[in-house]
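So that you can tell them apart, the chains are marked A, B, C and D in the order they are listed, and the count of residues begins at 1 in each.
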Amino acid sequence: MKDLKAFTEFKVRFSEVDSMRVVWHGNYLKYFEDGREAFGLQHDLDYLKLYDLGFLTPIVHTELDFKWPLRYGDTGVIETRLESCLAAKIIHHYRIYNAHTEKTLVTGKTIQVFTDIKGQLILNNPDFYQNWKKLKGLS
Amino acid sequence: MKDLKAFTEFKVRFSEVDSMRVVWHGNYLKYFEDGREAFGLQHDLDYLKLYDLGFLTPIVHTELDFKWPLRYGDTGVIETRLESCLAAKIIHHYRIYNAHTEKTLVTGKTIQVFTDIKGQLILNNPDFYQNWKKLKGLS
Amino acid sequence: MKDLKAFTEFKVRFSEVDSMRVVWHGNYLKYFEDGREAFGLQHDLDYLKLYDLGFLTPIVHTELDFKWPLRYGDTGVIETRLESCLAAKIIHHYRIYNAHTEKTLVTGKTIQVFTDIKGQLILNNPDFYQNWKKLKGLS
Amino acid sequence: MKDLKAFTEFKVRFSEVDSMRVVWHGNYLKYFEDGREAFGLQHDLDYLKLYDLGFLTPIVHTELDFKWPLRYGDTGVIETRLESCLAAKIIHHYRIYNAHTEKTLVTGKTIQVFTDIKGQLILNNPDFYQNWKKLKGLS
(Lines give C-alpha, C1' and ligand atoms only; values in the text may rest on other atoms or scores of the structure.)
Protein backbone atom coordinates (compact mmCIF):
# COMPACT_ATOMS: atom_id res chain seq x y z
CA MET A 1 0.00 0.00 0.00
CA LYS A 2 1.43 3.31 -1.10
CA ASP A 3 1.80 6.28 1.18
CA LEU A 4 0.41 9.25 -0.74
CA LYS A 5 2.22 12.55 -0.25
CA ALA A 6 2.38 16.00 -1.79
CA PHE A 7 5.04 18.67 -1.43
CA THR A 8 4.30 22.39 -1.71
CA GLU A 9 6.90 25.13 -1.58
CA PHE A 10 5.92 28.57 -0.28
CA LYS A 11 7.47 31.87 0.70
CA VAL A 12 6.53 33.57 3.95
CA ARG A 13 4.52 36.75 3.32
CA PHE A 14 5.16 39.95 5.26
CA SER A 15 1.53 39.97 6.41
CA GLU A 16 1.92 36.49 7.91
CA VAL A 17 4.62 37.54 10.36
CA ASP A 18 3.79 38.85 13.84
CA SER A 19 5.51 41.39 16.04
CA MET A 20 8.00 38.73 17.23
CA ARG A 21 9.10 38.67 13.55
CA VAL A 22 8.07 35.04 13.14
CA VAL A 23 5.07 33.56 11.36
CA TRP A 24 1.99 34.02 13.58
CA HIS A 25 1.15 30.50 14.78
CA GLY A 26 -2.39 30.52 13.41
CA ASN A 27 -1.12 31.02 9.87
CA TYR A 28 0.21 27.48 9.80
CA LEU A 29 -3.39 26.34 9.37
CA LYS A 30 -3.38 28.26 6.08
CA TYR A 31 -0.24 26.44 5.04
CA PHE A 32 -1.88 23.13 5.98
CA GLU A 33 -4.84 24.11 3.81
CA ASP A 34 -2.49 24.91 0.94
CA GLY A 35 -0.93 21.49 1.48
CA ARG A 36 -4.29 19.73 1.40
CA GLU A 37 -5.23 21.52 -1.77
CA ALA A 38 -1.93 20.62 -3.44
CA PHE A 39 -2.47 17.03 -2.33
CA GLY A 40 -5.90 16.97 -3.93
CA LEU A 41 -4.65 18.44 -7.19
CA GLN A 42 -1.68 16.10 -7.41
CA HIS A 43 -3.63 12.96 -6.59
CA ASP A 44 -6.91 13.73 -8.38
CA LEU A 45 -8.96 14.06 -5.22
CA ASP A 46 -11.38 16.65 -6.45
CA TYR A 47 -13.02 18.43 -3.52
CA LEU A 48 -15.21 20.54 -5.79
CA LYS A 49 -16.51 17.29 -7.30
CA LEU A 50 -17.38 16.14 -3.77
CA TYR A 51 -19.21 19.42 -3.13
CA ASP A 52 -21.10 19.00 -6.39
CA LEU A 53 -22.14 15.54 -5.25
CA GLY A 54 -23.53 17.10 -2.08
CA PHE A 55 -20.78 16.36 0.41
CA LEU A 56 -18.93 18.71 2.70
CA THR A 57 -15.75 17.77 4.52
CA PRO A 58 -15.50 19.99 7.61
CA ILE A 59 -12.45 19.80 9.83
CA VAL A 60 -13.36 18.37 13.24
CA HIS A 61 -9.92 18.21 14.81
CA THR A 62 -6.52 19.73 14.30
CA GLU A 63 -3.28 19.80 16.22
CA LEU A 64 0.02 21.54 15.67
CA ASP A 65 3.47 21.23 17.17
CA PHE A 66 5.75 24.21 16.75
CA LYS A 67 9.45 23.37 16.95
CA TRP A 68 11.18 26.22 15.12
CA PRO A 69 9.81 29.41 13.64
CA LEU A 70 9.63 30.60 10.04
CA ARG A 71 10.56 34.22 9.34
CA TYR A 72 9.70 36.78 6.67
CA GLY A 73 11.35 35.81 3.39
CA ASP A 74 11.97 32.19 4.44
CA THR A 75 11.03 29.46 2.01
CA GLY A 76 9.22 26.50 3.52
CA VAL A 77 7.94 23.21 2.18
CA ILE A 78 4.67 21.61 3.27
CA GLU A 79 4.72 17.82 3.16
CA THR A 80 1.14 16.58 3.23
CA ARG A 81 0.45 12.91 3.77
CA LEU A 82 -2.85 11.03 3.78
CA GLU A 83 -3.30 8.51 6.55
CA SER A 84 -5.36 5.66 5.22
CA CYS A 85 -8.20 4.69 7.54
CA LEU A 86 -11.33 2.58 7.32
CA ALA A 87 -13.66 5.05 9.01
CA ALA A 88 -15.45 7.76 7.06
CA LYS A 89 -12.73 10.28 7.84
CA ILE A 90 -9.98 12.07 5.96
CA ILE A 91 -6.83 12.25 8.05
CA HIS A 92 -3.87 14.33 6.87
CA HIS A 93 -0.47 14.70 8.46
CA TYR A 94 1.70 17.72 7.76
CA ARG A 95 5.37 18.47 8.13
CA ILE A 96 6.64 21.93 7.34
CA TYR A 97 10.37 22.20 6.85
CA ASN A 98 12.87 24.80 5.76
CA ALA A 99 13.42 24.45 1.99
CA HIS A 100 17.15 25.03 2.34
CA THR A 101 18.18 23.33 5.58
CA GLU A 102 15.38 20.71 5.48
CA LYS A 103 15.00 21.21 9.23
CA THR A 104 11.53 20.23 10.48
CA LEU A 105 9.79 23.32 11.84
CA VAL A 106 6.13 22.48 12.41
CA THR A 107 4.17 19.24 12.34
CA GLY A 108 0.47 18.69 12.57
CA LYS A 109 -2.64 16.81 11.68
CA THR A 110 -6.20 17.47 10.56
CA ILE A 111 -9.23 15.19 10.69
CA GLN A 112 -12.16 15.82 8.36
CA VAL A 113 -15.52 14.08 8.29
CA PHE A 114 -18.18 13.87 5.62
CA THR A 115 -21.50 15.66 6.02
CA ASP A 116 -24.36 16.33 3.67
CA ILE A 117 -25.08 19.85 2.50
CA LYS A 118 -27.06 20.55 5.69
CA GLY A 119 -24.16 19.53 7.90
CA GLN A 120 -25.60 16.13 8.87
CA LEU A 121 -22.78 13.64 9.59
CA ILE A 122 -22.36 10.78 7.10
CA LEU A 123 -21.11 7.58 8.65
CA ASN A 124 -19.96 5.73 5.53
CA ASN A 125 -17.38 6.82 3.00
CA PRO A 126 -19.12 8.33 -0.07
CA ASP A 127 -18.80 6.10 -3.17
CA PHE A 128 -16.78 8.79 -4.90
CA TYR A 129 -14.17 8.75 -2.14
CA GLN A 130 -14.22 4.94 -1.81
CA ASN A 131 -13.57 4.62 -5.54
CA TRP A 132 -10.77 7.16 -5.40
CA LYS A 133 -9.11 5.22 -2.58
CA LYS A 134 -9.40 1.97 -4.53
CA LEU A 135 -7.90 3.63 -7.59
CA LYS A 136 -4.98 4.84 -5.50
CA GLY A 137 -4.48 1.45 -3.86
CA LEU A 138 -5.47 2.79 -0.45
CA SER A 139 -8.15 0.34 0.60
CA MET B 1 -30.78 66.58 6.76
CA LYS B 2 -29.13 64.53 9.45
CA ASP B 3 -25.64 63.16 9.13
CA LEU B 4 -25.85 59.54 10.25
CA LYS B 5 -22.85 58.21 12.17
CA ALA B 6 -21.88 55.22 14.29
CA PHE B 7 -19.01 54.83 16.73
CA THR B 8 -17.35 51.50 17.47
CA GLU B 9 -14.62 50.94 20.03
CA PHE B 10 -12.11 48.12 19.48
CA LYS B 11 -8.88 46.80 20.94
CA VAL B 12 -5.98 45.90 18.66
CA ARG B 13 -5.39 42.15 18.58
CA PHE B 14 -1.91 40.64 18.71
CA SER B 15 -2.55 38.85 15.42
CA GLU B 16 -3.35 42.17 13.71
CA VAL B 17 0.09 43.65 14.34
CA ASP B 18 2.98 43.17 11.91
CA SER B 19 6.71 42.88 12.45
CA MET B 20 7.00 46.68 12.67
CA ARG B 21 4.80 46.31 15.78
CA VAL B 22 2.01 48.36 14.28
CA VAL B 23 -1.33 47.20 12.85
CA TRP B 24 -0.75 45.75 9.37
CA HIS B 25 -2.28 48.28 7.00
CA GLY B 26 -4.67 45.79 5.36
CA ASN B 27 -6.36 45.14 8.70
CA TYR B 28 -7.93 48.59 8.67
CA LEU B 29 -10.34 47.26 6.05
CA LYS B 30 -11.55 44.83 8.74
CA TYR B 31 -12.08 47.73 11.10
CA PHE B 32 -13.99 49.58 8.38
CA GLU B 33 -16.15 46.48 7.96
CA ASP B 34 -16.78 46.41 11.71
CA GLY B 35 -17.74 50.06 11.46
CA ARG B 36 -20.16 49.44 8.61
CA GLU B 37 -21.78 46.61 10.51
CA ALA B 38 -22.14 48.72 13.66
CA PHE B 39 -23.64 51.47 11.52
CA GLY B 40 -26.20 49.06 10.09
CA LEU B 41 -27.16 47.74 13.52
CA GLN B 42 -27.45 51.16 15.07
CA HIS B 43 -29.48 52.67 12.25
CA ASP B 44 -31.63 49.66 11.32
CA LEU B 45 -30.04 49.14 7.92
CA ASP B 46 -30.39 45.40 7.78
CA TYR B 47 -27.95 43.95 5.22
CA LEU B 48 -29.23 40.42 5.75
CA LYS B 49 -32.71 41.71 4.85
CA LEU B 50 -31.23 43.11 1.65
CA TYR B 51 -29.63 39.75 0.88
CA ASP B 52 -32.94 38.01 1.53
CA LEU B 53 -34.56 40.39 -0.95
CA GLY B 54 -31.99 39.30 -3.53
CA PHE B 55 -29.54 42.19 -3.37
CA LEU B 56 -25.78 42.13 -2.86
CA THR B 57 -23.75 45.21 -2.05
CA PRO B 58 -20.19 44.55 -3.22
CA ILE B 59 -17.48 47.12 -2.56
CA VAL B 60 -16.27 48.66 -5.81
CA HIS B 61 -13.86 51.24 -4.44
CA THR B 62 -11.96 51.89 -1.26
CA GLU B 63 -9.24 54.27 -0.20
CA LEU B 64 -7.29 54.69 2.99
CA ASP B 65 -4.99 57.38 4.37
CA PHE B 66 -2.65 56.29 7.14
CA LYS B 67 -1.49 59.13 9.38
CA TRP B 68 -0.43 57.43 12.61
CA PRO B 69 -0.21 53.77 13.53
CA LEU B 70 -2.13 51.73 16.06
CA ARG B 71 -0.14 49.33 18.23
CA TYR B 72 -0.92 46.10 20.09
CA GLY B 73 -3.11 46.84 23.08
CA ASP B 74 -4.22 50.26 21.81
CA THR B 75 -7.90 51.07 21.89
CA GLY B 76 -9.27 52.71 18.78
CA VAL B 77 -12.64 54.08 17.78
CA ILE B 78 -14.14 53.75 14.30
CA GLU B 79 -16.36 56.62 13.29
CA THR B 80 -18.51 55.51 10.36
CA ARG B 81 -20.51 58.07 8.45
CA LEU B 82 -22.93 57.58 5.55
CA GLU B 83 -22.61 60.07 2.71
CA SER B 84 -26.04 60.66 1.29
CA CYS B 85 -26.11 60.43 -2.50
CA LEU B 86 -28.75 60.17 -5.18
CA ALA B 87 -27.08 57.44 -7.20
CA ALA B 88 -27.61 53.75 -6.40
CA LYS B 89 -24.49 53.63 -4.26
CA ILE B 90 -23.68 53.31 -0.58
CA ILE B 91 -20.81 55.60 0.36
CA HIS B 92 -19.27 55.39 3.81
CA HIS B 93 -16.53 57.54 5.30
CA TYR B 94 -14.40 56.30 8.17
CA ARG B 95 -12.21 57.96 10.75
CA ILE B 96 -10.27 55.83 13.17
CA TYR B 97 -8.94 57.62 16.19
CA ASN B 98 -7.19 56.78 19.43
CA ALA B 99 -9.83 56.27 22.13
CA HIS B 100 -7.73 58.10 24.73
CA THR B 101 -6.01 60.92 22.86
CA GLU B 102 -8.74 61.27 20.18
CA LYS B 103 -5.94 61.77 17.63
CA THR B 104 -7.05 60.86 14.11
CA LEU B 105 -5.00 57.88 12.89
CA VAL B 106 -6.57 56.57 9.70
CA THR B 107 -9.28 57.90 7.42
CA GLY B 108 -10.94 56.22 4.48
CA LYS B 109 -13.91 55.60 2.31
CA THR B 110 -15.77 52.72 0.71
CA ILE B 111 -18.23 52.74 -2.18
CA GLN B 112 -20.70 49.89 -2.56
CA VAL B 113 -23.12 49.26 -5.42
CA PHE B 114 -26.22 47.10 -5.62
CA THR B 115 -26.24 43.94 -7.71
CA ASP B 116 -28.66 41.09 -8.04
CA ILE B 117 -27.77 37.65 -6.77
CA LYS B 118 -25.90 36.90 -10.01
CA GLY B 119 -23.74 39.98 -9.68
CA GLN B 120 -25.60 42.02 -12.31
CA LEU B 121 -25.39 45.76 -11.50
CA ILE B 122 -28.64 47.46 -10.44
CA LEU B 123 -28.89 51.08 -11.48
CA ASN B 124 -31.69 52.23 -9.21
CA ASN B 125 -31.83 52.17 -5.43
CA PRO B 126 -33.83 49.13 -4.26
CA ASP B 127 -37.16 50.11 -2.68
CA PHE B 128 -36.02 48.73 0.64
CA TYR B 129 -33.04 51.08 0.69
CA GLN B 130 -35.02 54.02 -0.66
CA ASN B 131 -37.57 53.57 2.12
CA TRP B 132 -34.89 53.29 4.74
CA LYS B 133 -33.33 56.56 3.54
CA LYS B 134 -36.72 58.29 3.63
CA LEU B 135 -37.31 56.99 7.16
CA LYS B 136 -33.96 58.38 8.24
CA GLY B 137 -34.54 61.73 6.56
CA LEU B 138 -31.77 61.14 4.04
CA SER B 139 -33.53 61.75 0.75
CA MET C 1 -6.63 25.74 44.84
CA LYS C 2 -8.68 28.01 42.68
CA ASP C 3 -9.36 27.35 39.03
CA LEU C 4 -8.67 30.65 37.24
CA LYS C 5 -10.94 31.45 34.31
CA ALA C 6 -11.82 34.37 32.09
CA PHE C 7 -14.86 34.88 29.86
CA THR C 8 -14.79 36.98 26.69
CA GLU C 9 -17.79 37.71 24.51
CA PHE C 10 -17.27 38.36 20.79
CA LYS C 11 -19.27 38.81 17.61
CA VAL C 12 -18.30 36.93 14.46
CA ARG C 13 -16.94 39.28 11.79
CA PHE C 14 -17.91 39.01 8.14
CA SER C 15 -14.24 38.61 7.20
CA GLU C 16 -13.90 35.63 9.54
CA VAL C 17 -16.47 33.53 7.70
CA ASP C 18 -15.53 31.29 4.77
CA SER C 19 -17.45 30.27 1.67
CA MET C 20 -19.30 27.58 3.65
CA ARG C 21 -20.74 30.55 5.62
CA VAL C 22 -19.16 29.38 8.86
CA VAL C 23 -16.12 30.75 10.70
CA TRP C 24 -12.97 29.55 8.93
CA HIS C 25 -11.43 27.01 11.31
CA GLY C 26 -8.08 28.81 11.59
CA ASN C 27 -9.78 31.88 13.01
CA TYR C 28 -10.50 30.07 16.26
CA LEU C 29 -6.82 30.51 17.11
CA LYS C 30 -7.48 34.27 17.03
CA TYR C 31 -10.36 33.79 19.43
CA PHE C 32 -8.10 31.70 21.69
CA GLU C 33 -5.57 34.53 21.59
CA ASP C 34 -8.30 37.01 22.55
CA GLY C 35 -9.19 34.67 25.40
CA ARG C 36 -5.59 34.48 26.62
CA GLU C 37 -5.29 38.24 26.54
CA ALA C 38 -8.54 38.71 28.45
CA PHE C 39 -7.31 36.15 30.97
CA GLY C 40 -4.07 38.09 31.45
CA LEU C 41 -5.88 41.39 31.91
CA GLN C 42 -8.42 39.99 34.33
CA HIS C 43 -5.91 38.14 36.48
CA ASP C 44 -3.00 40.61 36.36
CA LEU C 45 -0.72 38.35 34.32
CA ASP C 46 1.12 41.06 32.44
CA TYR C 47 2.72 39.61 29.30
CA LEU C 48 4.30 42.94 28.38
CA LYS C 49 5.98 42.92 31.80
CA LEU C 50 7.35 39.46 31.00
CA TYR C 51 8.66 40.74 27.65
CA ASP C 52 10.29 43.69 29.41
CA LEU C 53 12.00 41.26 31.77
CA GLY C 54 13.41 39.47 28.72
CA PHE C 55 11.05 36.51 28.42
CA LEU C 56 9.08 35.32 25.44
CA THR C 57 6.27 32.78 25.68
CA PRO C 58 5.96 31.10 22.28
CA ILE C 59 3.22 28.57 21.65
CA VAL C 60 4.69 25.10 21.14
CA HIS C 61 1.50 23.08 20.86
CA THR C 62 -2.13 23.67 20.12
CA GLU C 63 -5.13 21.50 19.45
CA LEU C 64 -8.71 22.23 18.54
CA ASP C 65 -11.91 20.19 18.41
CA PHE C 66 -14.68 21.58 16.25
CA LYS C 67 -18.16 20.40 17.26
CA TRP C 68 -20.50 23.02 15.85
CA PRO C 69 -19.84 26.04 13.66
CA LEU C 70 -20.23 29.74 14.36
CA ARG C 71 -21.83 31.87 11.67
CA TYR C 72 -21.68 35.54 10.68
CA GLY C 73 -23.46 37.65 13.28
CA ASP C 74 -23.37 34.95 15.96
CA THR C 75 -22.21 35.93 19.42
CA GLY C 76 -19.78 33.55 21.06
CA VAL C 77 -18.10 33.38 24.44
CA ILE C 78 -14.53 32.22 25.00
CA GLU C 79 -13.95 30.53 28.32
CA THR C 80 -10.21 30.51 29.02
CA ARG C 81 -8.86 28.42 31.88
CA LEU C 82 -5.31 28.10 33.16
CA GLU C 83 -4.18 24.58 33.95
CA SER C 84 -1.81 24.74 36.88
CA CYS C 85 1.36 22.76 36.30
CA LEU C 86 4.75 22.46 37.94
CA ALA C 87 6.81 22.55 34.74
CA ALA C 88 7.91 25.82 33.15
CA LYS C 89 4.90 25.88 30.86
CA ILE C 90 1.72 27.88 30.49
CA ILE C 91 -1.20 25.64 29.62
CA HIS C 92 -4.56 27.13 28.70
CA HIS C 93 -7.81 25.35 27.92
CA TYR C 94 -10.51 27.01 25.88
CA ARG C 95 -14.21 26.43 25.41
CA ILE C 96 -16.12 28.53 22.91
CA TYR C 97 -19.85 28.44 23.29
CA ASN C 98 -22.86 30.19 21.81
CA ALA C 99 -23.72 33.20 24.00
CA HIS C 100 -27.44 32.54 23.70
CA THR C 101 -27.84 28.77 23.70
CA GLU C 102 -24.66 28.09 25.75
CA LYS C 103 -24.00 25.13 23.44
CA THR C 104 -20.31 24.19 23.35
CA LEU C 105 -18.98 24.75 19.83
CA VAL C 106 -15.19 24.47 19.92
CA THR C 107 -12.75 23.34 22.56
CA GLY C 108 -8.99 23.51 22.55
CA LYS C 109 -5.71 23.92 24.32
CA THR C 110 -2.45 25.81 23.94
CA ILE C 111 0.93 25.12 25.54
CA GLN C 112 3.47 27.92 25.84
CA VAL C 113 7.05 27.72 27.05
CA PHE C 114 9.43 30.39 28.29
CA THR C 115 12.41 31.43 26.20
CA ASP C 116 14.89 34.25 26.48
CA ILE C 117 14.90 37.05 23.94
CA LYS C 118 17.03 34.95 21.58
CA GLY C 119 14.58 32.06 21.66
CA GLN C 120 16.64 29.87 23.99
CA LEU C 121 14.38 27.61 26.08
CA ILE C 122 14.20 28.36 29.81
CA LEU C 123 13.66 25.30 31.98
CA ASN C 124 12.53 26.95 35.20
CA ASN C 125 9.57 29.23 35.77
CA PRO C 126 10.74 32.89 35.77
CA ASP C 127 10.48 34.49 39.26
CA PHE C 128 7.88 36.91 37.95
CA TYR C 129 5.60 34.06 36.91
CA GLN C 130 6.32 32.02 40.03
CA ASN C 131 5.36 34.99 42.21
CA TRP C 132 2.21 35.58 40.20
CA LYS C 133 1.17 31.96 40.67
CA LYS C 134 1.81 32.17 44.41
CA LEU C 135 -0.24 35.36 44.61
CA LYS C 136 -3.12 33.63 42.85
CA GLY C 137 -2.88 30.54 45.03
CA LEU C 138 -1.80 28.35 42.12
CA SER C 139 1.36 26.73 43.49
CA MET D 1 13.03 56.21 -19.26
CA LYS D 2 12.00 52.64 -18.64
CA ASP D 3 8.76 51.68 -16.96
CA LEU D 4 9.69 49.03 -14.39
CA LYS D 5 7.18 46.23 -13.88
CA ALA D 6 6.95 42.85 -12.22
CA PHE D 7 4.41 40.07 -12.78
CA THR D 8 3.42 37.59 -10.08
CA GLU D 9 1.09 34.64 -10.56
CA PHE D 10 -0.95 33.37 -7.62
CA LYS D 11 -3.76 30.96 -6.85
CA VAL D 12 -6.68 32.02 -4.67
CA ARG D 13 -6.64 30.23 -1.31
CA PHE D 14 -9.79 28.83 0.27
CA SER D 15 -9.17 30.97 3.36
CA GLU D 16 -9.11 34.13 1.24
CA VAL D 17 -12.67 33.70 0.00
CA ASP D 18 -15.67 35.09 1.89
CA SER D 19 -19.23 33.86 2.24
CA MET D 20 -20.13 35.41 -1.13
CA ARG D 21 -17.61 32.89 -2.56
CA VAL D 22 -15.35 35.65 -3.86
CA VAL D 23 -12.03 36.89 -2.50
CA TRP D 24 -12.69 39.12 0.51
CA HIS D 25 -11.86 42.64 -0.68
CA GLY D 26 -9.26 43.29 2.02
CA ASN D 27 -7.16 40.37 0.80
CA TYR D 28 -6.21 42.29 -2.33
CA LEU D 29 -3.86 44.32 -0.14
CA LYS D 30 -2.00 41.07 0.53
CA TYR D 31 -1.76 40.47 -3.20
CA PHE D 32 -0.46 44.02 -3.66
CA GLU D 33 2.15 43.30 -0.98
CA ASP D 34 3.14 40.12 -2.80
CA GLY D 35 3.45 42.19 -5.95
CA ARG D 36 5.66 44.79 -4.27
CA GLU D 37 7.90 42.09 -2.89
CA ALA D 38 8.21 40.39 -6.28
CA PHE D 39 9.01 43.78 -7.78
CA GLY D 40 11.79 44.33 -5.24
CA LEU D 41 13.28 40.89 -5.85
CA GLN D 42 13.15 41.20 -9.62
CA HIS D 43 14.60 44.71 -9.75
CA ASP D 44 17.14 44.47 -6.90
CA LEU D 45 15.32 46.90 -4.64
CA ASP D 46 16.28 45.36 -1.35
CA TYR D 47 13.88 46.47 1.39
CA LEU D 48 15.79 44.58 4.07
CA LYS D 49 18.89 46.54 3.04
CA LEU D 50 16.89 49.74 3.53
CA TYR D 51 15.81 48.56 6.97
CA ASP D 52 19.42 47.76 7.85
CA LEU D 53 20.36 51.29 6.83
CA GLY D 54 17.75 52.59 9.27
CA PHE D 55 14.87 53.39 6.94
CA LEU D 56 11.27 52.28 7.12
CA THR D 57 8.84 52.68 4.24
CA PRO D 58 5.32 52.78 5.73
CA ILE D 59 2.31 52.94 3.46
CA VAL D 60 0.54 56.29 3.82
CA HIS D 61 -2.12 55.89 1.16
CA THR D 62 -3.78 53.12 -0.77
CA GLU D 63 -6.74 52.86 -3.08
CA LEU D 64 -8.42 49.95 -4.82
CA ASP D 65 -10.97 49.62 -7.58
CA PHE D 66 -12.83 46.33 -7.75
CA LYS D 67 -14.22 45.52 -11.18
CA TRP D 68 -14.66 41.75 -11.18
CA PRO D 69 -14.17 39.20 -8.42
CA LEU D 70 -11.69 36.36 -8.07
CA ARG D 71 -13.02 33.03 -6.85
CA TYR D 72 -11.53 30.03 -5.03
CA GLY D 73 -9.20 28.15 -7.34
CA ASP D 74 -8.83 31.05 -9.81
CA THR D 75 -5.33 31.96 -10.93
CA GLY D 76 -4.56 35.66 -10.97
CA VAL D 77 -1.58 37.74 -12.01
CA ILE D 78 -0.42 40.85 -10.17
CA GLU D 79 1.19 43.44 -12.41
CA THR D 80 3.18 45.83 -10.22
CA ARG D 81 4.53 49.03 -11.72
CA LEU D 82 6.70 51.72 -10.14
CA GLU D 83 5.69 55.28 -10.87
CA SER D 84 8.82 57.37 -11.03
CA CYS D 85 8.56 60.56 -9.00
CA LEU D 86 10.93 63.22 -7.74
CA ALA D 87 9.55 63.40 -4.20
CA ALA D 88 10.76 61.09 -1.44
CA LYS D 89 7.94 58.65 -2.07
CA ILE D 90 7.54 55.17 -3.50
CA ILE D 91 4.45 54.94 -5.66
CA HIS D 92 3.29 51.59 -7.00
CA HIS D 93 0.40 50.83 -9.32
CA TYR D 94 -1.19 47.41 -9.43
CA ARG D 95 -3.36 45.58 -11.90
CA ILE D 96 -4.67 42.15 -11.03
CA TYR D 97 -5.97 40.16 -13.94
CA ASN D 98 -7.23 36.65 -14.60
CA ALA D 99 -4.29 34.51 -15.74
CA HIS D 100 -6.40 32.76 -18.38
CA THR D 101 -8.74 35.41 -19.74
CA GLU D 102 -6.40 38.36 -19.03
CA LYS D 103 -9.48 40.32 -17.95
CA THR D 104 -8.59 43.15 -15.55
CA LEU D 105 -10.21 42.47 -12.17
CA VAL D 106 -8.78 44.90 -9.63
CA THR D 107 -6.55 47.94 -9.94
CA GLY D 108 -4.94 49.98 -7.23
CA LYS D 109 -2.13 52.09 -5.93
CA THR D 110 0.02 52.44 -2.82
CA ILE D 111 2.14 55.37 -1.69
CA GLN D 112 5.01 54.80 0.74
CA VAL D 113 7.20 57.37 2.43
CA PHE D 114 10.59 57.08 4.10
CA THR D 115 10.92 57.40 7.85
CA ASP D 116 13.76 56.77 10.24
CA ILE D 117 13.58 53.92 12.71
CA LYS D 118 11.56 56.07 15.12
CA GLY D 119 8.95 56.85 12.49
CA GLN D 120 10.17 60.40 11.80
CA LEU D 121 9.42 61.42 8.20
CA ILE D 122 12.43 61.84 5.88
CA LEU D 123 11.97 64.48 3.21
CA ASN D 124 14.75 63.50 0.82
CA ASN D 125 15.25 60.22 -0.96
CA PRO D 126 17.85 58.11 0.91
CA ASP D 127 21.14 57.75 -1.05
CA PHE D 128 20.55 54.04 -1.34
CA TYR D 129 17.23 54.59 -3.10
CA GLN D 130 18.55 57.47 -5.21
CA ASN D 131 21.42 55.27 -6.42
CA TRP D 132 19.07 52.42 -7.18
CA LYS D 133 16.88 54.72 -9.27
CA LYS D 134 19.93 56.01 -11.19
CA LEU D 135 21.06 52.46 -11.82
CA LYS D 136 17.63 51.60 -13.22
CA GLY D 137 17.49 54.74 -15.36
CA LEU D 138 14.61 56.17 -13.33
CA SER D 139 15.92 59.62 -12.46
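One rule holds for everything that comes next: a contact is a pair of C-beta atoms (placed from the backbone, for glycine too) under 8 Å apart; a residue touches a chain by one contact, two chains touch by 3 or more.
Since this is a predicted model, take the numbers as computed values, not measurements.
**Q** Show me the overlap between the contact partners of chain B and those of chain D.
**A** In this structure, the chains that contact chain D and also chain B are A, C.
**Q** Which chain's mean C-alpha position is the greatest distance from chain B's?
**A** Farthest by centroid: A.
**Q** In whole angstrom, how far does the Cα centroid of chain A sit from the Cα centroid of chain D?
**A** Taking the mean C-alpha position of each chain, the two centres sit 30 Å apart.
**Q** At what distance in angstrom does the C-alpha mean of chain D lie from that of chain C?
**A** 35
**Q** Pull out every residue in chain D that's touching 2 or more other chains.
**A** Correct list: 14-15, 20, 26, 29-30, 33.
**Q** So in the complex, which bits of chain D are touching chain A?
**A** Result: residues 13-15, 29-30, 33-34, 37, 48, 73 of chain D touch chain A.
**Q** Touching chain A in the complex: which residues of chain B?
**A** Result: residues 14-15, 17-21, 24, 26, 72 of chain B touch chain A.
**Q** Tell me, which parts of chain C touch chain A in their complex?
**A** 20, 22, 25-27, 29-30, 33, 56, 58-67, 69, 119
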